[in-house]
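To keep things clear, I will list the structure first and then write my remarks on it.
Order of writing sets the labels: A, B and C. Residues in every chain begin at 1.
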Amino acid sequence: MRAITKIKRLAAVLLTMVLGFGLVACTDAAASSSGKNGSFRTVDEIKQNGTINIGVFSDKNPFGYVDENGKYQGYDVYFAERIGKDLGVKVNFVSTEAANRIEYLQTGKVDIILANFTVTKERQEEVDFALPYMNVALGVVSRNDKVITSLDNWNKNDSMIVISGTTAETYLIENYPDIPLQKFDSYATAKEAFENGTSVAWANDNTEVIAFSLQNPGYTVGIPSLGSSDTIAPAVTKGNTTLADWINGEIEGLEAEQFFHADYDATLTATYGSEYKESLVVEGGKVK
Amino acid sequence: MLDLGIDVLFKGTNFLRLLGGLWVAMRISLISIALSIPLGLLTGVLMTSKSKIIRFIFRVYLEMIRIMPQLVLLFLVYFGTTRALGWNLSGEMASIIVFVLWGTAEMGDLVRGSLISVPKHQYESSEALGMTKGQTYLYIILPQTVRRLLPLSINLITRMIKTTSLVLMIGVVEMLKVAQQIIEANRMTSQNAAFGVFLVVFILYFLVCWPFSRLAGFLEKKWQG
Amino acid sequence: MSWEFIGKYMPMYQRAAVLTLKIGIIGIAFAILVGLMSALVLYYKVPVIKRIIKMYIELSRNTPLLVQLFFIYYGFPKIGIRLDAEICGVVGLAFLGGSYMAEAFRSGLESIDKIQEESALSLGMTRFQVMRYIIFPQAIATSVPAFMANVIFLLKETSVFSSISLMDLMFTAKDLIGLYYKTTESLFMLVMFYLIILLPVSLLGSLLERRLRYAGFGN
């Protein structure tokens, strides 16, 4: 008798919990569909408020990072500050992660994401992208004693290092699903692991791998440019057309003064030199 | 290989920012634990209630909080409340809410565990002496329980301080995030900074958590003697 | 909610769950061993070793697993010790969990009145018999809630394994969100898998607790 009541009680606990979680999931899903329509601020509302919230990375040097005086710096930040200036509002920088950029936009907690955001089909379903302001291409770096120049005929026992949430990861999953990936959650850990010899190669933005091989003797970029080149663009909450249009106008208008070339000179030259300027910078939203 | 890159911490205001991040982590944990202790005591008493329904409700609460990953709770409270209710909580407030929910559940379970380890005859003796239920708890049961609880609740405080590293997912910049920022900002010039900075972070965590453990040990000894 | 997405990435979560469980179970088994031995050393006040154990407990309990793992995985190779990521995970969990388990067992052992030990000794029982038949059974019963809370806590701590590139459940969820931006679906699957793994552990805990409770305790 006792055993039966015990089982009944357990079953009741289990059932309630499943229902509880179901409820949480449903309200979340319901809320997210409604949130997509309502929770953003138009250009006029932002101007009235006097502050724009822009989500940037705080640990991705040289695109978005915090310098030794606690100030936001980098290619994305340079553009963000210009947006603030031309809108006539103060910029409030919000530190974002790869895994929460979308939530920030969907809940309207930031107005724009300028966090090295690569344009992809999946992402376009969730947010609206403005015109691009940068190109990305991928590269693969490997050790001098075993330089990898092609991804075909990959040895399945070898793994490739990628950083989670980057374009390199997306590209490899889609085009080379058979290559075993070893994923890391930050540049620092990926670099350590690569140097400790856990994988034969490291795929990342080609500027990154080139900079790495220049600084670390013993490594060669066997594949300097991989696949089709993607673009990086500002993202706004889905449906926020006034803001997206304003940013598009801004990007087109800045072409005359070659703003993004100046941005490159100010933020990227120190890391990549000037030889990648033409291939990286997208001026006026026009991809060559 | 001896260059640990600790020097990056002395550039500009880096070290102060790191300490600022530590303060954020401590503030969240200390406020949360201060709220969790009284709420946890109450929850623990209710968990030993004679009413099956009350026991059941608190059981489900405990199981849910324990099983849900903290990251999901943080997302639900920070982004979920904006979506569903239109609230605009700050990241820090959302963290405190999640930590209090979590702390209350864990503390409640610890209190419950201690309460049921008090011999039954003590409840009966107090009743026989004419004490009310409230008096029994206040003067007889809780003082004993608190002593047994102490080492365990100190575990919880230090655990909270250490778990604050998750709050960076909702935009709160605490010590580990600052550490990452410093490492990344200097990755071109100081390649080994990761070790130096993490070593300092390791020591700082220890320096903050250790006094709590010592305090617990001290009180435990004092009350036993 | 896109069920298509959930179906497509289910195998990824299954692999992650297996990895989480594998490292979790082995790591916790070692943590129990370390914890039990540490608690006994402290209880019997074994000279010298007692000091080492105390230092270990303070160090392990007062620093985050994330930073501990970082040193095991990235620091050790610099001094010539190269460990596989999975082994690092196990070592890290055992190192952290050992001190938590030690505290749980110790508070159980110390909740037993000294008079019981003295009475049992005066009845002519050996020290081992006293531990085996008198103290240990009661201590275990008292430490079960804290013990089970630790097991769940340690299983959830696997969520920091992303820092050493182990694709556990949390990293899988974060990875998928970063890649495809399906936050609701990814987190829903994360919760479901944690539920499947942790709910039985939690229920087992309350069952054990009732089994082991001795007559005359509690109200």
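Criterion: a contact is a pair of C-beta atoms (placed from the backbone, for glycine too) under 8 Å apart; a residue touches a chain by one contact, two chains touch by 3 or more.
What you are looking at is a predicted structure, and each value in this text was computed from that prediction instead of being measured.
*Asks:* Please work out which of A-B and A-C is bridged by more C-beta pairs in contact, and write that pair.
*Replies:* Between the two chain pairs, A-B has more contacting C-beta pairs.
*Asks:* Using each chain's Cα centroid, which is most distant from the centroid of subunit C?
*Replies:* A
*Asks:* Can you compute the centre-to-centre distance for subunit B and subunit C, using the mean CA position of each chain? Integer Å is fine.
*Replies:* 17
*Asks:* What whole-number Å value describes the gap between the mean CA coordinates of subunit A and subunit B?
*Replies:* The computed centroid separation for subunit A versus subunit B comes out at 32 Å.
*Asks:* Report the inter-centroid distance (CA atoms only) between subunit A and subunit C in whole Å.
*Replies:* 35
*Asks:* What are the residue numbers in subunit A that touch two or more other chains?
*Replies:* Residues 13, 17, 21, 24, 28, 32, 99-100, 103, 186, 189, 192 of subunit A each touch two or more of the other chains.
*Asks:* Any chance you could list the residues of subunit C touching two or more other chains?
*Replies:* Only 70, 74, 183, 191, 195, 199 qualify.
*Asks:* Multi-chain contacts only, two chains or more: what residues does subunit B have there?
*Replies:* In subunit B, residues 59, 63, 67, 75, 194 touch at least two other chains, as defined above.
*Asks:* In the complex of these two chains, what residues of subunit C are touching subunit A?
*Replies:* 1, 70, 73-74, 77, 82, 85, 162-165, 167, 171, 174-175, 177-184, 188, 191-192, 195, 199, 203, 207
*Asks:* Could you pull out which subunit A residues touch subunit B in their complex?
*Replies:* Answer in residue numbers: 12-13, 16-17, 20-21, 24, 27-28, 31-32, 34-35, 39, 58-61, 65-70, 73, 94-97, 99-100, 103-104, 106-109, 186-189, 191-192, 211, 215, 270-271.
*Asks:* Which part of subunit B faces subunit C closely enough to touch in the complex?
*Replies:* Residues 1, 48, 59, 63, 66-72, 75, 106, 109-110, 112-113, 115-121, 123, 148, 151-152, 155, 158-159, 162-163, 165, 176, 194-195, 198, 201-202, 205-206, 208-210, 213 of subunit B touch subunit C in their complex.
*Asks:* Write out the stretch or stretches of subunit C touching subunit B in their complex.
*Replies:* Residue positions touching the partner: 58-59, 61-67, 70-71, 74-75, 78, 100, 103-104, 106-107, 111, 142, 144-146, 149, 152-153, 156, 159-160, 169-170, 173, 183, 187, 190-191, 194-195, 198-199, 202, 206, 213, 216-219.
*Asks:* Which residues of subunit B touch subunit A once you look at their complex with the stated criterion?
*Replies:* Residue list for subunit B touching subunit A: 8, 11-14, 17, 56, 59-60, 63-64, 67, 75-76, 79-80, 82-84, 86, 88, 168-171, 173, 177, 180-188, 191, 194.
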